[in-house]
Amino acid sequence: MTSNPYLPAMATIQEVIEETPTIKTFRVTLNNPQIKKDFNFGPGQVGQLSAFGIGEATFVINSPPTRMDYLQFSVMKTGEVTSMLHTLSAGDQIGVRAPLGNAFPYEDMKGKDIVFVGGGIGMAPLRTLLLFMLDNRKDYGKITLLYGARSPVDMAFSYELPEWLERDDLDTHLTIDAEFEGWEHNVGLIPNVLLDINPSPENCVAVTCGPPIMIKFTVQALAKLGFKDEQIYTTLEKRMKCGIGICGRCNIGTSYVCQDGPVYTYAQLKELPNEM
Amino acid sequence: MQNLEDLKEQVRKALPELDVVIGWTGGYDPLHATPHFIRRDEDIDKLQVNALCVHNLATYLPSMRGKKVGIIVKGCDSRSVVELLQEKLIDREDVTIFGFGCTGVVDQTKIRRIVGDVGNIDSCEVSGSEVKVSASGTEHKLAMSDVLSEKCATCRYPNAVLSDHFAGAEITSTATFEDGYKDVVEFEEKPEEEKFGFWLKEMDRCIRCYACRNACPMCVCRDHCVAQSRDPHWLSQEAHVRDKWMFQVIHAYHLAGRCTECGECQRACPVDIPILLFKKKMNKEIKEVFDYEAGINPDATPPLMTFKAEEDKITERKW
Amino acid sequence: MAQTKFIKKESLSAWLEELGQAHTVLAPRFEGDSIIFRPYDSEKGVFIDREATAPPKKAIFPQSETLLEYSQIKDMENLTKIAIDVKETIPTTTYVVFGGRPCDARGFTMFDRVYLDGDQVDVYYKARRENTCFITLTCEKGETTCFCNAVGSGPSDPDGSDLLITPVTDGYYIECVSTKGEGLLASSLLTDGSSMEGEATKYKQAADASMNEAPDFTGSPEKLLAVFDNGPFWEEMSDKCISCGACTYLCPTCYCFNITDEANGLKGTRIRSWDNCMSSMFTSEASGHNPRPAKANRLKNRVGHKFSYYPDIHGGVISCCGCGRCIKSCPVGVDIREMVKSAIAFVDPTAKEVPAEEPKAAPTEKPAPKETSVKAENTSAKAKKNKKSKKPASKKKGAK
């Protein structure tokens, strides 16, 4: 990051992947060789993407820091900025302010079993940590992934799923909400499937992200399985502008999601005022 | 107010059936009143009704829809309630209106002009003809006619135009429509450059707090206002007089034929910009073209909320 | 002993003109019925007899300022290829703010902890802060709405100012508070002020004595958190609030902002403009979700931020300078003092039954700030953020 925290680094879009009807993934490289060389981040940290003339929006860097050929952001079309970003294609210029916020405590997670539970676009922040761990596979214990979406067409990163399913050092489970022709995996809501998988909380951490309602019930399911609040990690999303804890809109009590988050344990969230 | 005890009694009787009754009480110093939300019997004792009760409480009604609300109204405030009913923004059966005959409210800006430093008010006594203020130990006797709000000096509706309870006697008014628009006529007669220069100068100090909008009982899209929205993106957030002025124009247009001239926009402005003039100009036009005044008849449809193939006074096609 | 000077009342305008040669001098004057800070104009004079309607916040935190200028440059060989040129626009104008009150200048010390002392320095704010001097006027007396004495300050507090001037016979006694202030003392219009010290001290003592009894905000950080989930409490507190931005935009300590792009064809600017937590759009997310959907949620955040969250993060310092503008400029008379006092006085009727000896189940495990009394916190020494200790997870670590 430059000394001016508001000045985006210019980047070039290398590739655009249409993940689902509403999600596109952008693979970008920073233009300035020095900035590119110095750039590093932790899995879970976010960036602000600039669509000049429209504004900025926050997305997690969902590629892992172990693969620095490009930075990957997945963008769900919901508002003004994301709609503009969806019009961009390979070769287009984009502004990037990153990394912002905190990362998953991947050092503390070493030697532990990991359970990833992702729903919809919520798979993006899990992907960076999952790939980071797969790239440092010996540092971690058993890794389980449960990824769910409404239907197969709503499933992002579908091109990676066969490999994930095939790997014998990764226990992958996929689920959709309702029966779909040709679907060979689980059918059912994520928390229910999670209970069926029945992961042991022993020396294990769970990392979950998805729509608020899914997180709520997933956390309940994890509690039922014996996971303590400190063993459950999630990432929060808030309206953000400055990204550096100043502009004042993303706070939950004393915690600024753009700076102190987006990664929190469930125990930490419980300590914060109830204003999600 | 002479019949405050009657009003309190009416409120006391009605309160058990209501979630809240909105009135006024003493504010941060003796010169200021503040809106008062009456939920408990003991709150009724704090009720204050006098010339310091400047706030139009109808502003609160749309956001309280679904609750049983009692509201104490001056004549002008009652017009806002009626207009809200006309536009179906509130439900008649949920609103209990407590009216009274109003002899006018003060303009705090006028008091400030005369008294100067109003930072330390020791006492304030309000009667029909006089406001006696003691500020920093100095006594000021202000004639009510000198500190009366402009809207009150030319008021034609001193009594609630619609009420479920009415306290005290009705007040008679001899003011005419024309009396209320002398300032507009005077302004209209100025040269274009002078008019525009006036607004450029006045609007420049706008801080874009939108107190004018949020104090307005008819401004009901405040959480989705074009002033800040990006979709549509009509106004820039730059501190440019162009955008500040443009907002007032949009505001005035949205209020054409709806504004009851309660003057809350101007009163709420923390930097005293005379923005009521915009709305009065629109209302004067509406009266000329449609012979209509907002907030008088609950059953009437505001002219810009309906459509007639032929308007008597719109002859732009020369047919 | 810091430098002291004296200036004759009739030399004041000449001094401001002198200062105006090197700086933009902002001074309060009447405009319409309001007193606002404008570039000094000798013909229009200054009006410093009362607290200005709006504080001089815009000197360092403009209502809007350009952060970046961008232009999109089309490649004439391939029109779909567009290069983007982005320029930062760091401000360079130097300002002297004359005639603000101690609360006005002290407000920026609240900004400093956030804009300068965080992990990231706000370079725009830093440039303006360094380029602005405050010549602050000691208050003659407090107003009904003044409560600087309740937030660790007072009518002659020099915190945040560069020069403090105090009315004395025929002129003003000038105290130099900062090295920046020293740079303003070169004028030949200023004479030695040491003989005036006694008179100035008496003036200050009279000002202190004129203040109303300070409301007691002791314990506000914990007490406000304790009522956080009390919906009816906040509903009543916010009953009359109309959710406008008058309180925040007139507040010398409110520092929140928006960032928006304003396009003009292929060129445009990214601007920072005042924004406020009372606005629904402030936290409204693209998905339609709003964590603070009602005015009660928003007012709770405003009060909570000033009297709980900020002091929790910044060593007990309340983010309020007690100027009282939010009270007297509020269209409906919302009084922040009353809200904080109500929260402090609030007793949960359901919690009464807990026996005193039994350790009450703490609602949070957050350590309570050691310094609960905020009155003791009148110091210009920057309370270092203790944010770091709260960081839930490793931050900005490299990949390996």
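Lettered A, B and C in written order, each chain numbered from 1.
One rule holds in what follows: a contact is a pair of C-beta atoms (placed from the backbone, for glycine too) under 8 Å apart; a residue touches a chain by one contact, two chains touch by 3 or more.
Fair warning: this is a prediction, and the values are worked out from it, not measured in the lab.
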*Is the C-beta contact count larger for B-C or for A-B?*
B-C
_Please identify the chain lying most centrally, where each chain is represented by the average of its Cα atoms._
C
*Of all the other chains, whose mean CA position lies farthest from chain B?*
A
_Can you compute the centre-to-centre distance for chain A and chain C, using the mean CA position of each chain? Integer Å is fine._
36
*Find the geometric centre of each of chain B and chain C from their Cα atoms only, then give the gap between the two centres in Å, rounded to an integer.*
32
_As a quick test, compute the distance in whole Å between the mean CA positions of chain A and chain B._
50
*Residues of chain A that touch two or more other chains: which are they?*
55, 80
_Could you pull out the residues of chain C that touch at least 2 other chains?_
258, 260, 284
*Could you list the positions in chain B whose residues touch two or more of the other chains?*
230
*For the complex, which residues does chain C have touching chain B?*
31-34, 36, 49-51, 53-54, 62-64, 141-146, 236, 239-240, 242-246, 248-250, 258, 260, 262, 269, 271, 273-274, 276, 279-281, 284, 295, 327-329, 331-333, 335
_Sites on chain C touched by chain A in the complex_ = 67-68, 70, 72, 81-84, 86, 88, 90, 114-115, 118-124, 225, 228-229, 255-261, 263, 268, 270, 272, 275, 277, 282-287, 289, 291-292, 297, 301, 304-305, 308-309, 312-313, 364-366, 387, 390-400
_Per the contact definition, I'd like the list of chain A residues that touch chain B in the complex._
55, 80
*chain C-touching residues of chain A, taken from the complex the two chains share*: 1, 3-8, 10, 40-42, 44-45, 50-57, 64-66, 78-82, 91-93, 95, 99, 101-108, 132, 212, 233, 237-239, 241-242, 244-255, 259-261, 263-265, 268, 271, 273-276
*Which residues, counting only chain B, touch chain C once they are in their complex?*
27-29, 32-37, 39, 55, 59-60, 63, 109, 112-113, 117, 119-121, 136, 202, 205, 207-211, 213-215, 222-223, 228-230, 236-239, 264, 267-268, 270-274
